[in-house]
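Each of the two complexes below includes subunit A, the first together with subunit B, the second together with subunit C.
So, the complex of A and B:
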C-alpha cells in the first residue's frame, strides 16, 4: 500500500456522542455540580481553608484508592487494605515509641508492602481469586494487629513522628498545607507515572485486559500481579502511618471498613472492575466526590445518617451510567 | 399449517459490525413446513442471518416478518413469542440441571412461584411426540453433545416453536448421530414445523433439505429447490468466480546448506505431539498442512515455549533450548501470531499503541520508563506500513474490523524484528484487501531473513506462500514436499488418506 492511498483512505468521522462523554467524564460533571451547589448553599464552603481541610481529611483514602486502582486495572481485588492499614498503624506506633520515630515512618509502608506482596504470592502461587485470598488475609492481618498490642491503644506523642500528620507548610496569604497532603499528591503523581509511563503500567493494563495475550507477549504476569498487590499494601501502610501521626494514637482496629470505601471510590471514578481499563485520576475524583458529600453534610448540618445512603445512591447511579454507555 | 404459507420473510436486511458490513440487502422467503438450508463459506453471513431471524441481532436496515407479522423488536424472547427458536452452535443449557429442568427452564409448572409437580408428565407427553429416548432425570453435564442437542430441540418444542433455526447442528456429531438428528428433523417437518438449517456439510443438506439459499460475502446468491443441486453446483455458487488473489512472489528459497534458524528433533509434548522433526532456515517460509486437530497449532505453541517439550530437542540458531518459556522464546527472537486474535492476541480494553508495544516494551524503555515519543513514532510507522484504518495511534482496537485488528497484531511482532515468525491462521476472518496486505507482509519478513512458519486452514494460502510444506496428521509429521509441487487437491488427498489409514485400525480396535 502506498502513501497516497493512505492519505485518501477515508477516516470515519469522529462523532462525539453525549452518552460517551457522560460515561467518560460523568464523575467530573457530578463533582462540578456538587461544588457549585455547595458554594451557593454555604458561604463557608468555597474557602481555601475548607477545601484543604477536605483534602487533608481524606488523605489516607486518596493514597489507598490510587494504589488500589492499579490492582483493579490488573484484574485483581484487594480487600485487605483496611487490615494492612491496621497492622502498619500499630507497628509504626510501637516502633516510634520504642525504637526510632523516623525508622517507624519508613517501616509502616515497608511492612504494608511485605504483607501486600504476600497477598500477591498466595494469589499467583495457588491461582486463587484475589477476592478470596485478600478476604482471608484481611482477617489474619487484623488479628496480627490486635495481637501486637493486646488490643490496646498506643499513644504516640513524639514530635519527630507527628510532623508527618500535623505539620503545615505556609503557602503565604494565611494558607497552609499539611505535609500529609503534599505526600499524598506526590504519591498520586507517582502512581500516575507508573501507570502511564512505565513498562510496568503497560503490563498492568495488559494483564487485566487479556492475561493470555500478555503471557504470549512475554510478560511475567504473575510478577506483575504481585507488584500491584505490594504497591497496594505499601499505600495502606503509608496511609496508616499518616493517620497515627495525625492522631498521636495507634489503634489496632483502625482502618476497619476502609477497604470498602477505597473500592467504592475506584468504582465511582469509573475504573472497570473487569480490569484492563481505568485511570488514577478517576479514583482521585471518586474519593473527592465522596469527601465532598461528607463535607456538604457537615457544613449544611444535615443529619449525617443520610451520608452513607447518599453515597450509595450516587455509586449506583454512576455505575448504571457507565453500564448504559457500554450497551450497544 | 397450510402448505405454501411463508413462515419467514426477510426484505432488504443489512447488518454491520465495527465498520464491516456482514450482511447486505438480504431478501429471503422460507416456506412453512419445509427444511431450508443456508450455505456459504466461513464469513458469508449465514450464521448472522440466522441470528437476526432468531432475534439475537437487530438488523441495521430492512425488515423481517414471521408468519406475515412484521418483527419490531429483535430479542430472543420476542422471537420465541412468535414461535421462532434458535439452537446454537454452542449449546445453551444449564449443565448442573437435569433434562426436565432444562426443557422447562422458565416455564416450570408452578403455582404462585412455588414449584409444583407436573413437569415430568409434561415431559412424558413431549417425549411421545419427539421419541428421543433421553433419561429425563439425567444431569445435562453428563450428556453427550448429540443428546444435549435433543434437549435443546425439546426445549424449543416445549415453547411451541413453529420455526427452529439450527446453527451447524452436525458439526460436533458423529455420522451416526447426525443421521439420527436428521431423522428427528424429518419428524418435526411431518408435524408441520419449519426448520432453518445452517451448515457447511453439503452432503447433509442435499439429503435432508427442501430448499437452499446460497450466500457469499454477506449477500444472497440464489435460493432454489434442492432437487437438481449437486455438491459441485453449490460449491460453484458459494465461491463465485475464481477469486483473483494475486500471490506475491516468494524470495528464492535459501540453500540447503544454510544452517537452520529453528530445528525440532523428535519433539513430543503433553498436548499430543509425537516425534516432530522439522527445520526452518533464515529467509524460508515453511508451511504446515493438516486438518483441524492434526497438531499444527501445538507445534506453534511448543516452538513458542507455551507448551513444555517433554521429549526431543529444540534448537534455535543451533543452540539447544532447555526448559523454554514464552519469555525466553521472545527474548531469543521467536514471535507467535496466535490463532485467536481476540482471545490470545489483543488487549481489547486498550488502544492501538499499547497493543503494538506489548511484546517489545523493553526496547522502547530505559529502566522501566517508557520513551513515549519513540513509541508513538514507531506505532505511526506501523500504521502507515500496514495501512491500518482508522489510522489513529489511540484508536479503540475493540471497534476495528477483523482485518485491521489482525494488522495491529502483526505490527506487534513486526516491531520486534524476530528471527523466527510463527503465524497461526494469519488471515482468518479478514477481508480480501487485508489478506493481500498480510500476504505481502509474510513474504517481506522472509525476504528480510526471518524464518517463517505458516499455518493456515486455507491450503491455497500455505501452498502459494511457502517454500516447503510439512504434512501433519494426528500429532505427527508424515510427509514433506516443496510447496510448488503440491496442489490443494493433492495435499488434501494425502492428508485425508493418512487420517483414514490411521483411524481405521483404531476403530477396529475399539469394536
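So, the complex of A and C:
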C-alpha cells in the first residue's frame, strides 16, 4: 500500500517532466529518431565525413539562423536576409575580381551589416512592423544584386578568395574540417555569448518580451532593434561570402528563399515567434533537422517527389510534439 | 497653281491613315520566364538584335519571375492594353499559358513561343495553340537522347558503368521528359547502372549540396549526366572537395554557356548539349516582324538545324573551332 501510494505520488511529477521535455526538446527528439533511422538505412550516413559534409553544406543557413534568432527574440521579423545574402554575394564576387580578394571577404559582411542596420533604422524611425519593412527592402536589395551583375553569373576563380569556402584543416585520422565550418562555430559561440552573457542579450529578451516595460526600465529599445537587424544583415553577408567562396561563382539569385528556410529553422527549434523567448542552440537544431532530411534523401536516392512531403510531415511532427508539451 | 495642287496632294497623302500606319512601329513584347536569368537575357538580346536589324520595331521585356501566374496575367494585360502587335513568350508553364495565348491570337496579336512549345505535348513542335504564329525551339527529347547516347558511347566496355543523373527539377514537365528520356536510353544497356538522381534546380549551390550527398553513398562513379551546365559547376566542386580526380569521370551538361565552353576547352568537362538562347530570340522576333509585314513564316523554327555547332559540343569540336563563342554567359 505504501509502495503503491508512493508510486502514485511519484507519477505526476514524472508526467510533468515528460511534457516539459517534449516542449523543450521536441526538435532534438526528432533529430535523434532521424539519426537512428538514417544510420540503419544507410551505411554511408554515420561517418565523420558525412557529418562534416552536412555541417559544411548548411554553414550559410546556420549562420543566418543564429543571427535571426536575436531578431525574433527581440520581437522582430527579417524577410530580407535572402536578398542581403544576394547583394553581399555579388558585391563580394565583383570586389574579389575587380579590387582585392581579402577586401571582398571583409566587405561582404560589412555591406550586409549596413543594409541590416538600414532595415532597423526604417523600422524604428517610421514605427512600421519589421515584417512589412523587410518585405519591401528585400525587393530593393534583390534589385541591387541584379543591377550589380545585370542578371549574370560572376566567376571568381581566385585562390586568395576561395580558401574561406574550400580550404580544410586536417584533424588527423583522415578527417578534415572546412574553414567555413570553424567560422560558423565561432559565430554561433559569439551569438550565444551575446544573447546569454551580455547586457545587449538581456535587452533583446526584454524588448521582445514587453517592449513598453523595457522602454520604461531605461532600455534604448530602438537601438537594440537596430543592432539585432544589423547583426542579422552581417550574418547574411558573411553567409553570402562563404557561399561565393565555395562555389567560385556569384549569382544575383543566390539566397532566394533562404529567408524562409532560416525562419522555419528558428521557429522549428522552438524560439517563440512572438518574441521574448528562445535560444541560439534551438535554431542550430532546427537547421540540423532540415539538413538531415535533405542529406537522407540524397544518400538513400529517394524519389525527389517525396522530399517536400516528408519534410513537411517531419516539421509538423516536431511542432506538434512541442505544442503537445505546451498543452500539458 | 499646279505647284499648290501638288503640295496639297502631298500633305493630304502624308496625313492619310494609310501613311500613319506605314510609319507606326511594330511593337513586340518579350515575356521572359525571368528577366534576371542568363539564358533569358541572351534571348532578349536576340529579340533586340532582330528589332534593330528590321528597323522601326519597338520591343519591351516583361519579367515572368519564374511564375506561371505572373506570366498569365502579363498576357491578359497586353491583350487589354492594346499596345503591342505581337508577343514572344518563354513559357514558365507550357500548358497553362495556352488559354491566355489563344485569347491573344483571337485578339489579333501575333504570338511566338521560344525554348519550349506551348501545349500539352512537349514533343510536338508544330502549333498546338490556335493561331500561334511560330515556335522557335528544339525537341527536348532529341537533345536528351543525344546526351544519353554520348554516355552510352563512353560506357562501352565498362561494366558496370555507374551513372549519376543531375536533373533540374522533376516537377517541371520538360525536366521530367528529359529525365524519362535519359532513363529510357540508358536502360537499354545492361552495363549502365543509374546509381543516383539529384535535383540541381539550375543552381551550382543546390547541385553541390545534392552531389556531395550522393558521393557519400556512391564514392565511385563513372559518369555525371546533366541537362544543365550550372549543375556541372556544383559537381566539379564536390568532386574536388572529396579529392576525387575529375578527368576520368565523364561529365556532360546542357545549355552550352560560355563558362562550360571554357571548362570543356580546359579538359575538365567532356561535353554539353547545345542551347541557342540568342538565336531563339532573334528568329522569333524576326518571324513576327515578317508575319506583321504580311510574309508567310514557318510555324516551327528549329535553331539546332540552323546552327553551325553540333547538338553535342565536345572538346574535339571546340579545338577544331577555336573562334566559337557561346550564345550566353551562364
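Quick note on the criterion: the second predicted complex is superposed on the first by the 309 of 328 C-alpha atoms of A that agree within 3 Å, B and C clash if a C-alpha of one lies under 4 Å from a C-alpha of the other, contacts with A are read in each partner's own complex, and residues count from 1 in each chain.
To be clear about the criterion, a residue touches a chain if its C-beta (ideal position, glycine included) is under 8 Å from a C-beta of that chain, and two chains touch if they have at least 3 such contacts.
Since this is a predicted model, take the numbers as computed values, not measurements.
Chemist: Output check: A:213 vs subunit B and subunit C. Expected answer is one of first, second, both, neither. What do you get?
Modeler: First partner only.
Chemist: State whether A:135 touches subunit B only (first), subunit C only (second), both chains, or neither.
Modeler: A:135: touches no partner chain.
Chemist: In the superposed arrangement, which partner chain does A:57 touch: subunit B (first), subunit C (second), both, or neither?
Modeler: Once the two structures are laid over each other on A, A:57 reaches subunit C alone.
Chemist: Quick one: classify A:42 as touching subunit B (first), subunit C (second), both or neither.
Modeler: In the superposed model, A:42 contacts subunit C only, not subunit B.
Chemist: Look at A:301 in the shared chain and tell me whether it touches subunit B only, subunit C only, both, or neither; answer first, second, both or neither.
Modeler: second
Chemist: Name the contact category of A:202: first (subunit B only), second (subunit C only), both, or neither.
Modeler: First partner only, subunit B.
Chemist: Just subunit B (first), just subunit C (second), both, or neither: which does A:166 touch?
Modeler: Touch partner of A:166: subunit C, not subunit B.
Chemist: First (subunit B), second (subunit C), both or neither: which does A:249 touch?
Modeler: Touch partner of A:249: subunit C, not subunit B.
Chemist: Please identify the positions on subunit A that touch both subunit B and subunit C, taking each partner from its own complex.
Modeler: None.
Chemist: Which residues of subunit A touch subunit B once you look at their complex with the stated criterion?
Modeler: These residues of subunit A touch subunit B: 1, 3, 5-6, 9, 11-12, 197-203, 205-206, 208-210, 212-220, 272, 275-277.
Chemist: Which bits of subunit A are touching subunit C when the two form their complex?
Modeler: Residues of subunit A touching subunit C: 42, 44-45, 47, 49-50, 53, 56-57, 146, 150-153, 155, 166, 243, 246-249, 251-254, 294-295, 297-301, 304-305.
Chemist: What residues of subunit C sit close enough to touch subunit A in their complex?
Modeler: Interface residues on the subunit C side: 35-38, 41, 169-171, 195-199, 203-205, 208-210, 212-214, 216-217, 233-234, 237, 240-241, 259, 329-330.
Chemist: Which residues of subunit B touch subunit A in the complex?
Modeler: Subunit B reaches subunit A through residues 19, 304, 306, 326-327, 329-331, 336, 338, 343-350, 354, 357-359, 361-362, 365, 368-370, 372, 384, 386-387, 389-391, 412, 437.
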